[in-house]
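By written order: A, B, C and D. Residues from 1 in each chain.
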């Protein structure tokens, strides 16, 4: 039970934080089509957050709603991937981060459609449609940017090199994952690596980008042991109204 | 001259003008200006609302706001496309926005300072926008008219959402009520300004009405807006910041104070609260995105070349 | 009384917000000497804030401390100058903002040393020493940057043109100012303009910079009627701990 | 050879070496490396603490933290100046930091995540730094020794302030206590790493000790740090995250677990939690400040020229 709650927070916090990051682009994207597409991705991710944290609240059984989990926990209690916490950088950096996440997200959600938890499999099925669309889009853009100009190639390659060790966190299996895997709720993260690798490698090849070879995994986000400094700033902004007006309803 | 007469006859006959039809040069220019300004307003209009996406108080409110801002970008897209049928490209229009040659609606030079402002923008600003736009569904230029039909449908949805935020705030805690009243105070007169100066001071109006690019006068629409909005404010228990406001039985509408038109002209001149910041944000997005747009073009060129090469090879 | 409180908040909120902005430079300045100097200015301004808001709390008589005023009021209740709320921009922008403020600050504090309120005159005397030093420094830097390279000249001129209408807010007199002036507590802001103008014009001349001629005053910060969008973001960050842990003492 | 012997004799005689004195090339290089690294650590060390200045919980805490970060920049300044006496410029050293050729203390690659971390940094990190630095007041190179004397005085003040934050947190609400414990958990082992690898794995040590650039061994200092810190943790009611920790009557000190040295080497390699972000922040400050430094130089040149011209005119 606590493992299941914890694991749900890992999902919901990651989509929340990443959705927040993406939403920071609203009105500031380099082309109108990206303004629309990024808002759409953010919207989907916040939708997933509602479902995952909603379920987390139910599983916890203390009557906390998705909103309470989202807006009333401090950084220490968050379980978001470090990758999601990374600031946006330029649009190439944002799309690279998205691509690395989307490939993992799709592999994960696909596996979760077979979850022993009906609730999990239902949510996963809904989310998978959206995530697949995100992945199509980000894969396509990585190919176009990687195989675009020298500058776009250089920028995306640099983003990839920077983000790689953060992406590796997605495939680290710990005791929470073991417990949830035991219960048939979710796959061990390490088992998602092969599918991820094959999709990512194929896209990078077409994009003429070099797959980084640093296997080191920067960890601490998903297990909550050591987040990035960015998370606190993000939450200060995100949670302001709920913190400043705890008695209000909106 | 003959062409012009025939053109005017079509308009008087309620026919739609389509891109391939002959049209007077001035008609084309006026439409480009209007549609461009309208498109720019949708784009710049993302900014004041976008300012609260990261601070939306609940997940649901965040989703609603994201969807709304996304719709606005979508409206921008329709309108730029409609303008392109008149032979002006989106990039051209964007350059004109950034250089200050083209304007956007002045209302977006006002800041959103509390969450209630997001309600007020939906309720008042979208409300005023709809008032302006509903008649434009029947405007004489076909692509513009069709874009407006799609846009109006979504805008009225946005307005209801804005009103819903206001209702929550106005019936919430003391602090929320104070924010709601403050938002109304700050957005009331700027919303009245959205209809433009009084008819007697308004340029370009006559010809535009003859061409059915403009359907109602500024003052007509402003009156209609006040008449619709005052009872809503009463319903919310908020007071409209106008001591002169009073029901006039005779005209069947409210008497109300005019906004401070000197402020209006200052804002247009660039001295509004957020003018620089809005344009700066858009310029930054445009300039810093140049490499991105270049890359997509370069890739498209490469792909085209590759297709051509493989066709040639297949033909050999 | 309410006017006195309000007027004290105008001072204290402005030094608080400006001190916050300056402190954002810590560790990010272009030379080590600026890291040190900017931290020092921020430190002084936060010190002034403690004195002004401390007195404001006393005058209000509701038992609110300087910390409560600083960390528990939302944007609507702030009375900071719009100039102070402006984001830092590049170091030239920051120093231009500082120069315009310092010249006003010195003129104001000098006048306040003759305040009918002993408390005000005491605080002003203390703060004046520091503010004079700030002004010497920022004046000197404006001269060096204005009369430096073409690029530095261009950057500072642009900053000046942008900030000028915000600076004009410092000299707008409203009913609060009238009431406080009546009581002999403080001068009417408009009376500070001459001293400011003469110092600023002299420095700009030496810096080979052009004095902007836009007399329009962007207002709404000092009277609280219409702040900038920046203030809310700044407060979300600044007030996070006090908002998230209202029962804690630090 | 003779020179070297005389040099070593002076050191053995507890004399200070001064900039104009002859010194072996390797002594100079080792000192440049040490002092440069030390200076860079002060500069980079501004970042994790600077991260909380804008969120400090009270005005007084904000002032204390500002003053502390300012002191660190000041220490950087002393140390760069002291290094300059060895013939290397501050700009050179900065370039070497940014290119990755020179290091800074690995501890600053760890993030500050809660307000308690600001306490932990003062208490543990400054505590460990002082342990390293106190002996350096007696180091053989005069300018370095004098810089260390100034620095140590301020550092011990910082350490007390850090401990004070921890005390407030450890005796505060449940949430504050949890933050304090969490900060100790995260900073304990990285602080132990600050003394460097165990003596048996440490390079450069012997020659440095002979030259009195280094006074104590890494393990000696680490033991001293643990012995000093454990009772403080007990006083705070916090538990040191080490199951092996136990008082050893015989050696008159604590037995404790070694940190995970593979983590240490990963952090040095660049895989610490914040390596890129730290260097990126410094690079950005440096690159974006180039125009500013150029302008100050250009102005100084102009002024010098003007003075020269007016001197010439006066002479005519």
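Keep this in mind: a residue touches a chain if its C-beta (ideal position, glycine included) is under 8 Å from a C-beta of that chain, and two chains touch if they have at least 3 such contacts.
Treat the numbers as computed from the prediction; the structure is a model and nothing was measured.
Colleague: Weigh A-D against C-D on C-beta contact pairs and write down the one with more.
Modeller: Between A-D and C-D, the larger count of C-beta pairs in contact belongs to C-D.
Colleague: Averaged over CA atoms, how far is the centre of chain A from the centre of chain B? Could you give it in whole Å?
Modeller: Here chain A and chain B have centroids separated by 34 Å.
Colleague: Taking the mean of the C-alpha atoms as each chain's centre, how many Å separate chain B from chain D?
Modeller: From the centre of chain B to the centre of chain D is 56 Å.
Colleague: Check each residue of chain B and list the ones that touch at least two other chains.
Modeller: As it turns out, chain B has residues touching two or more other chains at 55, 175.
Colleague: Please set out, as single numbers or ranges, the residues of chain A touching at least two other chains.
Modeller: 74, 232, 236-237, 240
Colleague: By the touch definition up top, name every chain pair that qualifies.
Modeller: A-B, A-C, A-D, B-C, C-D
Colleague: Under the touch definition given earlier, write down the residues of chain A that touch chain B in their complex.
Modeller: 16, 20, 23-24, 26-36, 39-40, 42-43, 46-47, 49-50, 53, 66-67, 70-71, 90-92, 143-145, 147-149, 151-152, 155, 237-238, 240-242, 245, 247-250
Colleague: Which part of chain B faces chain A closely enough to touch in the complex?
Modeller: Contacts found on chain B: 43, 46-47, 50, 53-63, 66-67, 69-70, 73-74, 76-77, 80, 90, 115, 165, 168, 172-173, 175-176, 281, 284-286, 288-296, 298-300, 302.
Colleague: Which part of chain D faces chain A closely enough to touch in the complex?
Modeller: Within the complex, chain D touches chain A at residues 48, 51, 55, 110-114, 175, 178-179, 182, 186, 266, 271, 273-274, 276-277.
Colleague: Write out the stretch or stretches of chain A touching chain C in their complex.
Modeller: 74, 232-233, 235-237, 239-240, 243-244
Colleague: Show me the residue ranges of chain C that touch chain B in the complex, using the header's touch definition.
Modeller: Contacts found on chain C: 74-76, 162, 165, 214, 216, 218, 220, 225-229, 231-232, 236.
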